[in-house]
Amino acid sequence: MDLWGISYAISDILMHIVYWIFSGLLGLLPDPLGGFFDGIGLWFVSPGVIAFITMLLEALIVIIVALLNVIILIWVERKVLARIMDSRGPFYVGPLGFFQNIADGAKLFVKQIIIPKKADKFGYQIAPIIFVGSSLLILAAIPLSADFAVKDATGATIPGGILFAFAVFAIAPFSILVAGWSENNKYTLIGGMRSAAQMMSYEIPMLLTVASVFLLVGSFSFGDVVNAQQNIWFGIPLFLGLILFIACMIAEVERIPFDLPEAEAELVEGWTTEYCGMRFGFFMFTEYLRGYAGCGIATALFLGGWIGPDFLPGEIWFLIKAYIVFVVFVFIRGALPRIRTDQILDLGWKRLLPLAVLNLLIAATFKILGWF
Amino acid sequence: MAEMWINMGPQHPMTHGLWNLRIKVDGEVITDAMPEIGYLHRGMEKIFENKTYVQIGPLTDRLCYGSSFTWNHLYCMTVEKLMGLEIPERAKWIRVMAIELQRIASHLMWLAAYAADLGLLTGFVWAMRDREIFLDLLQALSGSRLTYNYARIGGVAADLPPDFERDCLRAVDYFERKLKEHENLYNGSKIFKMRTVGIGILKREEAINLGVTGPTLRGSNAKIDIRKDQPYEVYDEIDFEVACHTDCDCWARYIVRMTEMKESCKIIRQTLQKMPKGPVRVKTPMLAPSGDAIGVVEDPRGEGMMYLIGDGTDRPYRLKVRSPLFVTLSAAKSMLLGYKVADVVAIMGSIDVCMGETDR
Amino acid sequence: MESSSNRVEPVGKKELSQLVSGFERKLERELPLSIGPDLTEIAVKREGLVSARCNKESILKLARLLRDKYGFEHLSLISAVDWRDRFELVYHVRSYANYCMMEIKVPVPKDDLEVYSVTSIWKGANWHEREAYDMMGIVFKGHPDLRRILLPEDVKYFPLRKDFQLAEED
């Protein structure tokens, strides 16, 4: 599915409609008004503007696809987690409980919004915006297949796609700190700081693992990384890297076993305590969005991306592999207790960092031997 | 960060009941702790002085709603000692069986709450699922799932329903198999060990001096169990082991409780085999003689005791209840000093708090 | 050895002397000699239970003697009873090694409500004494932190006293 092609077609139609409104209808007015509108109409159909609108439409389609996927992912998690716990998960709303998320979202929409009196208003409002916005931005860099990527008129994707994705991933701890501090609550402050510390310490082994992939490929673009996996997926020689990446991604996304910052039993939802209604819903939703983005990146880097037999299009293969990685996340959540914060940081710095360096050495060895 | 006092509770998902834990923290390390109770105080001891002996029976269930049969039975035993009553043999065996069924249900509830606190939600659901079986058995015996009023002064309320032995044996067999699954989930989990090993250490001498009893004491390397030291009902005719562990930390208390559940299964099997036939209740006098009596039992949480003073009427003059958790909670400071805030959940969870009996 | 669970108390002196082991007999003999006239009415009620009555001046001395010399290391319960003309504190202490429990009754006159606290000997007495203060008003000298425990801090009455009026529904 060619994303540029579809978006171009839609944008073409839309711009021609606008052209017809301006030049066709309003251009019939007497000069010089008619000529003015005619000029505007012609401007709308120029290649630059059509390309610009195409890119907006591409972003819109990517976001819609991602949001749909996230809703399906939340349903998958609830069902699989329930089976691990010997129960059934949602089954009432919709077939197999599929619309339960929509029901939960509707419930969150109608809640009363209570803002603490002494909360810092600016920080309180802007923290969710930064958090959600930056997480949506990651999706701009992740292509679902060679054609289903956000491209510009020359057919080029975001240069340094992987680097861009991780840079944007790392904006979130900043917004969590702001959120935790601006709620004027001792506990949320502690939760926010713990969360930021955890996320920042797990960035490093993750980036080292990505560096090992970069070593084998030589380019930061997603397309190049996937194309280099035509013969063998990177997850097989760099198996250590795959495991490390999954562990670090679970810590970044703050799921159990690494979810002490928002642990119910200890800090009552941690840094999101004072947020009500849909703002809280946005935080929860964005966690799954980041989980989806993380699974997507893991698939592209280690599991061959959209490479697969031809009877299914590349996008479906990508999604299948991303879902499998996510189900692994869910299994881990079902089976393990929470780790204490200082033990989490201990694990990140003392165990995962040396292993990531070891992984880098393994990749360097492969490169020197000339196998890649 | 400077030292500050943090309030955990009274509204807090961790605390399992209504109490307040004030801890003084220096950064992340705890330097002082002060539990505050009394939010659930219902004035039970004063109520007991104004009700007849029969009316008090259902009230004693509400002393600790997590293991209500134990208190019911303790009360009946104490009154029988005061009145000098001898209850039939069959009633004693049925009481022991019900006590052990209640012990398993109470320990399973502790396990579910502990797992949920530590983030292992699967453990929570599994423990609650297995607890349902025992609640069903107790419901067949007494008619209700949580507060039974099954032990009466003079015996038990009614005999076993038909087919109860078969159902009970089936349940115990099933549970012993499922207990292995539970153990795999916890013993094999390195993270669970990281959260509980070496945390909340309470040495043996200090524990005994502080008055701590029950699994907390047995986890501190002291093989002390009222059922063996001062046997009541028919415990001297039953063959079982006392669970004990040498590390004095939360892991030891967890192992002690799991072992106690296995031993309870053994005890239940023996009671079902050895139970004689006969009546289950004797007629009781309405007035109690003057004098006093004490009754001591091994509650799932420790040493439960009642001190009863009768004055010749049909109401007690003074009924004092010793709750094991009242004393174990006061030892919280010794268990918490020097650990981190995130360990509070693990340590307080391992002593199995139930506020009903602490506050009365 | 016949179990104590079938015994009903009190028992006849002849049967008791066959059952009771040497430890209870030793206590019955030696404690009055160590404490003196303040310790009265010491008796072996049944196997494993020795009861005594002690004046409140000597309670600290008796507690220290019991813990250090006879191995009574566990304080089970401190109850407060209101006998209308006096209060009474009942201490139950247990010796794990000797399988024996001792019941000590300490009368407290209504015009002198101060008793020595035994928290320096058994730390487990801390909250028991706070509860006795909270419910009956008995003040313990030397207690590290004597405040109300079950009732709120600003309450002025002591509920478990017999002259406390309940709001009856008549």
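Chains here go by letter, A, B and C, matching the order in which they are written, and residues are numbered from 1 within each.
What we mean here is this: a residue touches a chain if its C-beta (ideal position, glycine included) is under 8 Å from a C-beta of that chain, and two chains touch if they have at least 3 such contacts.
Values in this document were obtained by computation on a predicted structure and should not be read as measured data.
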| item | value |
| --- | --- |
| Top chain pair, ranked by number of contacting C-beta pairs | B-C |
| Identifier of the chain whose CA centre is least distant from the whole-structure CA centre | B |
| Centroid distance [mean C-alpha coordinates] between subunit C and subunit B, Å | 24 |
| Distance from subunit C to subunit A - Cα centre to Cα centre, in angstrom | 68 |
| Approximate Å spacing (C-alpha centroids) for the pair subunit A, subunit B | 48 |
| Residues of subunit C that touch subunit B when the two form their complex | 3-6, 8-9, 48-49, 73-77, 79, 81-82, 90, 92, 96, 99, 101, 103, 122-128, 131, 135, 148-152, 159-160, 164, 166 |
| Of subunit B, residues touching subunit C in the complex | 37-38, 41, 43, 45-46, 50, 81, 84-86, 206, 208-213, 222, 224, 229-236, 293-294, 296, 303, 305, 307, 309, 317-318, 320, 322, 326-327, 329-331, 359-360 |
| Touching residues on subunit B, where the partner in the complex is subunit A | 6, 12-14, 28, 115-123, 125-126, 129, 185, 189, 191-192, 194-195, 340-345 |
| Parts of subunit A lying in touch with subunit B, wherever the complex brings them together | 81, 84-87, 186, 256-257, 259-260, 263-266, 268, 334-343 |
